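Below are two complexes that have chain A in common, paired first with chain B and then with chain C.
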Partner chain A sequence: MALLEIIGLTVKFPTRFGNFTATNNVSLEVQAGEIHGLVGESGAGKTTIGAAVMGLLQSPGYIGSGSINLAGENLLALDNNQYHRVRGNRISMIFQDPQTSLNPLLTVADQLIETIRQHSDVTADDARTQAIQLLEETGLSDAKQRIDDYPHQFSGGMRQRVVIALALCTQPELIIADEPTTALDVSVQKQILALIRTLAKDRGVGFILITHDIGVISEITDQVTVLRSGRVIESGDTRQVLMQPTDNYTRALMAAVPRLEQRLHRFNNIVTDDSIIDGDDHWQVDGASAKLASDWLLSGHQSSDTGTTASTTPVLAVKDLEVTFQSGQPGWFQSRSGVKALSNINFDMHAGEVLGIVGESGSGKSTLAKSIVGLVDPSAGELRFRGQPLPPGSKRHRKHPVRREIQMIFQDPYSSLNNRLTVEQIIAEPIRFYKLARNRAHIRQLVASVLELVEMPQRAMLKYPHQFSGGQRQRIAVARALVARPDFLICDEPTSALDVSIQAQILNLLKDLQEAFGLSILFISHNLAVIRQMTDRLLVLKNGKLVEISNTDRFFREPAAPYSQQLLRETPSLSHLNAR
Partner chain B sequence: MLTFISRRLLQSLFVMLAVSLIAFALFRFVGDPVAQMVGQETSIEDQERIRERLGLNDSIPTQFVRFIGKLASADFGYSYRTRQPVSEMILTRLPATLELGFVSLLISLLIGIPAGIYTAIKRGGALANTLLVTTLVGISIPTFVIGIFLIYLFGVKLGWLPTFGRGDTIALGWWKTSFLTLDGLKSMLLPALTLGVYQLTLTMRLVRAEMQDVLKTDYIKFATARGINYRSLYFNHAFRNTLIPVITIIGLQLGGIIAFSIVTESVFQWPGMGLLFLDSIRYVDIPVMSVYLVLIAMMFVIINLIVDMLYFFIDPRVRLASEAN
Partner chain C sequence: MFTALRRYAIENELLYLFLHNRIAQLAALVALLCLGGAALAPWIAPYDPYDIASIDLLDSLLPPAWSEDGDTRFIIGTDDQGRDLFSAILYGTRLSLLVGLLSIGFASILGITVGVLAGYLGGRFDSIVMRIADVQLSLPAILTALLIDGIARGILPRESHDNLMIVVLTIAIGLSLWVNFARTARASTFVEKSKEYVQAAIIMGMHPLRIMVVHILPNILGPLMVILTIDLAVAILLEATLSFLGVGVPPNQPSLGTLIRIGTEYLFSGEWWVVLFPSLTLIIMIVAVNILGDFLRDALNPRLR
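Right after this comes the complex of A and B.
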C-alpha cells in the first residue's frame, strides 16, 4: 500500500467571478522512503496540493472532490481536531525560507521540545536529549552548545537544518518540503538535498518535494509529477520523465531549462501562452513598428559611437574599486566601523561584450552594479566609462550623459514598475527626460514601436503594470531601459523572479537585442547555467573579492580558482541523468 | 544591558533638564512672582526685601541652577494659594492618581488583550464583530460623557456605586490607599472604567491587528503544521510576537492616562493630581504648575525607560545584540 495516495483531488477557491480551480483531478502516490517531486511553474497548483494534504488550505479554498489517504486512512474524513493531531505527528512540512519559518522569540530548544512533547509522552529532559540527537543527525555538529540559541544566531543553511529537525522530531511518515532550498546558496542547497536524501533512505520517510527547479528535481527525486494549471501533465520515474518526456509541455519545459554543459544560441520550442498577448491586439499607433524602433535605436548608437578610439578603449574600466558600508551609528567612544562590501576589484569591459558576474548571496554582485550605475558611492578606487572618469553617484550631475548611457534592469518586475503610471507613461518618461523625441506624436510612436520590439502588443501601452504577468512586466522594464538609447545595460538577476519558460523568453529577447544593437551588458546572476547561456566572459565574486575572471567557455571547461570549481561542482545539473 | 540603561539614563537627564528649563521659565517669567505673593498694602521696600531674599535679583543662569538644585533635593517651594509646601500637596494627591491609573490600565489590559486575541482568531464571528462595534462606540464618545452616563446608570438609577470621591482610605505611611476598603474599591470602579475605556479599545484593536499579521507568518504556519496545540500556538507563539508594538503604545498611553486624567478626575471629583492641577490653573498657582510639569515629564521618562527594558526581556535579538556590543 502506498504511504500517501491522492485520488482525483480538486481544490476550488470561490472568487467574485466564480470558482477558481486550483487543482483539477490530481492523482499521485508516494511510497515510504521515496522522494516525489512536484514540478511546475507558478500557478501550477504545487503548493495547493501540499496545503491540501496538510489540511491547511488557505480560506476560502475547499476540496471539491477527491480523497487523500495516508497509509490507507482517509484524511478528509477527519474533523479539525483529529486532523490537527495528524499534523506534525504523521505529516510534517518544511518551508521555503528558513529566515521566516522559525519563531524569532523562542530558542531552538523551546521549539523542538514543545513539538516533541506535543506528540509523545516524554519528560522535558528526554525531549531535550532527543532534540540534541536530531540536530546532530541533521548536521549541527555542536548541537549541545547551540540548542539554547535563538534562530537569528544561526546562518541560513543551519536554520534550514533546524527546520528539518523540527519537521522530523515527531517521526512523521511523510514530509512535504515546499521549495526547501530555493532561498539558499548552491553549496548549502547541495548539503540540504543530500540530507533529505539520507533521511528518506535511512528513516523511510516519504517526501513530497515541491520545487520549480528542474535541477533539484533531477538531483534527488525518485518520482516526479509535472503539473500545469492545476492538472497533472505527466508523472513517473524521474529519469524517464525528464529525459524522455512524452508530453509536449514537459518537452518545452525541459528545453527552456538553461544547461550548464553547453551554450545554446537561443532557447527553442518554448511555451508561449501568455493569455494577454493573445486576443485583440490590432490596436496600433500610426506608423509605429518594431522596425521603426530598431532603426531609431541604431541611429542613436552611431551618433554616440563616432569616436575612433571607441573600439580600443574599454567601455568600462574598474580600478581598485572598494565599497564600505558604515554599520549603524558610531558608539560614543569608538570610531565608525564599516563592512567592506567590495574590495580591490579590477576589470575592464569591452564594447559589445556581455560580462557575467556570479557569486553567492552577500558576495557583492549587486553592490558592484549599484556603484557603477551611481546608487552607491565607492569608498575608494576609480571607474572609467569609455575612457572618461565616472564620478560617484552622489556627485554625478543629473544631466551627466552617462545617466542616459547606462541603464539598469532590476530583478523584481513587480516592484520596479510604478503601478500608478500607465505603461505608456512609464516608457515615455526616459524619452521625455533625455529629450529624445521631437514631439508628443513622436513619443507615442516610439513607445508603441519599442513595445513591439520587445514582443508586446502596442495596445499594452494603455494599461497599467498590474494587468501584466511577471514576464510581460520584465519586457516592459526592458523596453523602458532600451528607450533611453543606452550603450550599456546592467541586468541584475533579470530572470530570477520568473518561471523557466518565461526566463527562456526574456533571455532570448536580451540576446536578440544585444546582437541587434551591440549593447555592452553587465549580467548579474547567481545561476551559473543562465550565465553560461548569456555571457562572453565572467567574474566570480566571493565576500566582496574578485576570485576569478575568465572566458565563459573556458570557465565551464576548466575553472581555475578552487572556489569556482566548488561552485560548479555544487550546482545541480541535468548531465548526470545522461550518465547514470 | 547596563551600558544600555546608563545611556538611556543620560538621555533622560537631558530631557529632564529641558523640561525644567520650561518649568523655570514658567515660574520666573509668567507674571512677577513677588507681586503674586504679597498683598496690595505691602510696601515697595518690603517687596524689594522679599525679592532680595528669594534671590530674584541674581542673574538668570544662577537662578536656574538654584531652581534645578532645589528640584533635585525635592524642595518644591510653597503654593501661592494654600501657602503649603508644594511637595506635601503633591504627595497627598499622587497616590490617588497613581492608583486610578493603575486600575484603569489593569482593566484595559485584562479585557483588551483577550478581546484582541479573540477577535483576531475568530475573524468575522458574531461575537467578534459585536465587540468591535461596541468598543468603536466606546472610543467615539468623549470621556466625560461616558463618565456622566456611568454616574447616571450605576450611581443614580441603580444606586450601586458611589459617584464621587475616593471613599474610605487607609493610610500606609504617607500613602493613602483605597485598595484596602470595600468602599474605596467601589469608589474606584466608575472613574477607572471611564478612564480605561479608551485604552481598552486601543489595546484591543492594536492586539487584533498585530495578531492578524503574525498569524500570517511562516513560523505560525510551520507551528500549525507541526501540530502544536492551539492554545500554545495563539498565546505562546503568536501573542508573544505582537508584544513589542503593543507594549510601546500601551506605555505611551499609560503616561497619557496618568498625566491627563484631569477630565475624569473632575467629573468624579477624584482628589488626584489632575484635580490639583485644575485648581492651580484656576488660581494661577505657578509653583504647583511648574512642579506638576516636571513630575509628569519624569513619569513619561520612567515609563519609556521601563518599556525599553521590557524589549530586552521580550526580544532576544535586542538582548543579544546589546550583549555583543
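Right after this comes the complex of A and C.
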C-alpha cells in the first residue's frame, strides 16, 4: 500500500472574480522511502497540494472533491483535533526560507526539545540527547557544542539542516519539502539534497519535494509529477518523464531548461506565452512596426565601425577596482573601517561582447554593476568607458553621455517599473529625457514599434504594469532600456525571478537584440547554465575577489581555478540522466 | 456601458471593498451630508445667523419645536441670542469644515514636501528636519495652536483680528499636524527609493526633483491618504477645542466649538438643547470621518488584510 495516496484532489479558492480552481483532479502516490517531485511553473498548484496534505489550506480555499489517504487512513475525514495529531507527528514540513522558519528568539535546543516533548513522553534530558543525535544525523558535526546557539549564529545551509532536524524529530512518515534549496547557494544545495536522499533511504521516509528547478528534480527524485495550471500533465519515473516526455508541455519545458553541456543558438520549441492580451491585437499606432524600431535603433549607433581605433580600445576597462562599504561615520580619532565588497578587480570588455559575471550570493556581482552605472562609488581604482575615464557616480554629471550609453535591466520586474505610469509613459520617458525624438507623434510611434520589437502587442502601451505577467513586464523593462539607444547593457540577474519557459523567451529576446544591434552586454547571473547560454567570456567572483576570467567554452571544458571546478561540479545538471 | 462599470467595480480594489462594506458606505453618506449641509448652508438654512437684523432677543433660549414651549419656527430651538440653532449649526459646520480642510491642506503640503525631501536626500537635512519634527511632537497639538494663536494676536492689529482669524487658525492647526505627514512620507520614500524603478531613474540622470514628483510621490499616496482622512477629524476637533477655549473664531461667526462653549453656560439652568445639538453634530461628523479613515487604512494597506 502506498504511504500517501491523493485521489482526484480539487482545491478551490472563491475570489471576487469567481471560483479559482487551484488544483484540478490531481492524483498521485508516494511510497515509503521514495522522493516524489512536484514540478511546475508558478501558479501550477504545487504548494497548494502540499498545503492540502498538511491540512493547512489558506482560507478561503477549500477542498472541492477528492481524498487524501495516509497509509490507508483518510485524512479528510479527520476533525481538527485528530488532524493536529497527524500534522507534525506523521507528516512534517520543510520550508523554503530557513531565515524565517526558525524562531530567532529561541535557541536551537529549545526549539528541538520543545517539539520532541510535544510529541512524545520523554524527559528533558532524553529529549536533549535525541536532539543532538538528530543534529548529528543531519550533518551538524559539532552538534553538542552548537545546540545552544541561536539560529542567527548558523549559516544558511546549517540553518536548513536544523530545520530538517526539526522536521525529523517526531519520526514522521512523510515530509513535504517546499522549495527547500531555492534560497541557498549551489554548493549548499548539493549537500542538502544529498542529506534528503540519505534520509529517504535510511529512514524510509517518504518525501514530497516541491520545486520549480528541473535540475533539482533530476538530481534526487525517483518519481515526478509535472503540473500546469493545477492539472497533472505527466507523471511517472523521473528519468523517463524527463528524458522521454510524452506530453508537449513537458517537452517544451525540458527544451527551455538551459543546459550546462552545450551552447544552443536559441531555445527552440518553447511554450508560447498564450496569456498575452486577448482580443484586439490589431490596435496599432500609425506607421509603427518592429522594422521602424530596429532601423531607428541602428541609426543611433555611432560606436561600431567608426574606425579601427574604436574596435581595439575596450568598451569598458576596469582597473584595480575596489569598493568598500563604510560601517557608519568614523569618529574624530578613529580610522575608517568598512567591509570590502570588491577588491582588486581588473578586466577589459570589448565591443559587441557578452561578458558573464558568476558568483554566489555576497560575491559582489551586483556591486560591480552598481559601481559601473554609478549607484555605488568605488573607493579605489579606475573605470574607463571607450577609453575615457568614467567618473564615480556621485561625481558623474547628470548630463554625462554614458548615462544614456549604459543602460541596465534589473532582476525583479515587479519593482523595476513604476506602477503609477502607463507602459507608454514608462517607455517614452528615456526618449523624451534624452531628446531622441522629433515630436509627440514620433515618440508614440517609437514606443509602439519598440513594443513590437520585444514581441509585445502595440496595445500594451495603453495599460499599466500590474496588468502584465512577470515575463511581459521584463519585456517592457527591456524595451525601456533599448529606447535609450545604449551601446552597453548591464543585465543583473534578468531572469532569476521568472519561470523557466519565460526565462527561455527572455534569453532568446536578449540574444536576438544583441545580435541585431551589436550590443555589449554585461550579464550577471548565479546560474551557470544561463551564463553558458548567453556569454562569450565570463569572470568568476568569490567574496569580492576575481577568481577566474575565461572564455566561456573553455571554462565549461576545463575550469582553471579550484573554486570554479567546485562550482561546476555542484551545479545540478541533466547530463547524468543520459549517463545512468 | 453598465457591464463595463461593473467590471471596473470588480477590478478596482478600493471600489470593490467599498461596495462590500456597509459601515464605510454609511460613514461616507454621513460625511457627504455634513459636507453638503455645510457647503449649501446659505441656501438651505432657514435663517442667517450673521444677520443681526433678523435676530430677535425675545426668541432667545426657546426649546425644540416638539416640547411644550417650543416654537415651530425653530425646529431645535434657539440659543441665548435668539438665533435659530439649526441654522447656526449649519453655518458652524461650514466654518469648522472649512478650517479643518484648509489646515489639513496646509499640513499635508508642508509635511509631504519635507518628508519626501528628507527621505530622498537623507543625511544632514534629514537629521535636522526630523529632530525638529520630534520636538514638535513632544508639544501637545493644542499647545502649539495656542502658542501661534497668541503670537498672532500680539502681532496683528486689533481691527484685522477677526478677518485674519481663520488664516491664523489654519496655520496654528496645520503646524501642529504636519509631523504625521512628514514621518509617513519619509518612511514610504525610503522604501520606494530603494526600489529598482527609482534606481533606473537615477541611473538615467534624471533630476532628483523630477524623480521625487513623478516617480516617488504617486507611489506613496496610499498611506498619505489614510493620514489625510484621519487627521481631518483631528483638525476639526482641534478647531472646536480652540473655539471652545475662546481663542478660535470670533463669537459673531459661530463655529461648532463656539456653539458648544455658549451651550455649556446654560447646561445647568436646564437649556440642554443649546449644547446637545452642536455636540451631536460634531461627534457624528468626527466618527464618520474616522470610520472612513479606518476603511481606507484597511483597504490600502495589504498587510492588515
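For this structure, a couple of remarks:
Heads up, the rule we're going with is that the second predicted complex is superposed on the first by the 559 of 580 C-alpha atoms of A that agree within 3 Å, B and C clash if a C-alpha of one lies under 4 Å from a C-alpha of the other, contacts with A are read in each partner's own complex, and residues count from 1 in each chain.
We take it that contacts are C-beta pairs under 8 Å (C-beta built on N, C-alpha and C of every residue); 3 or more make two chains touch, one makes a residue touch a chain.
The shown structure was predicted, so the numbers you read here are calculated from the model rather than taken from an experiment.
Partners chain B and chain C fit side by side in the overlay (superposition on chain A). Legend: residue contacts after superposition of the two complexes on their common chain; A:Phe433 is shown touching chain C, with no touch to chain B.
After overlaying the two complexes on the shared chain, residue contacts for A:Asn419 are found with chain C alone; chain B is out of touch.
By the document's definition of touching, of the two partners only chain C reaches A:Arg403; chain B does not. Of the two partner chains placed around the shared chain by superposition, neither chain B nor chain C is touched by A:Ala561. In the superposed model, A:Pro104 lies in contact with chain B only, and not with chain C.
In the overlay built on the shared chain, the residue A:Gln153 is in contact with chain B alone; chain C does not reach it. After superposing the two complexes on chain A, the shortest C-alpha to C-alpha distance between chain B and chain C comes to 7 Å.
For the contact definition in use here, the chain B contact set and the chain C contact set of chain A share no residue.
Here chain B touches chain A in the complex through residues 7, 217-230, 232, 236-237, 240-241, 314-317, 320, 325, going by the rule given at the top.
Interface residues of chain A facing chain B in the complex, by the touch rule stated above, are 54, 56, 84-89, 91-93, 95-97, 100-107, 111, 114-115, 118-119, 150, 152-153, 163, 166-167, 170, 331-332. The part of chain A that touches chain C in the complex is made up of residues 16-17, 373-375, 396-400, 403-404, 406-408, 410-412, 415-421, 429-430, 433, 480, 484. Taken in their complex, chain C has these residues touching chain A: 10, 16, 195-197, 199-200, 202-207, 214-215, 218-219.
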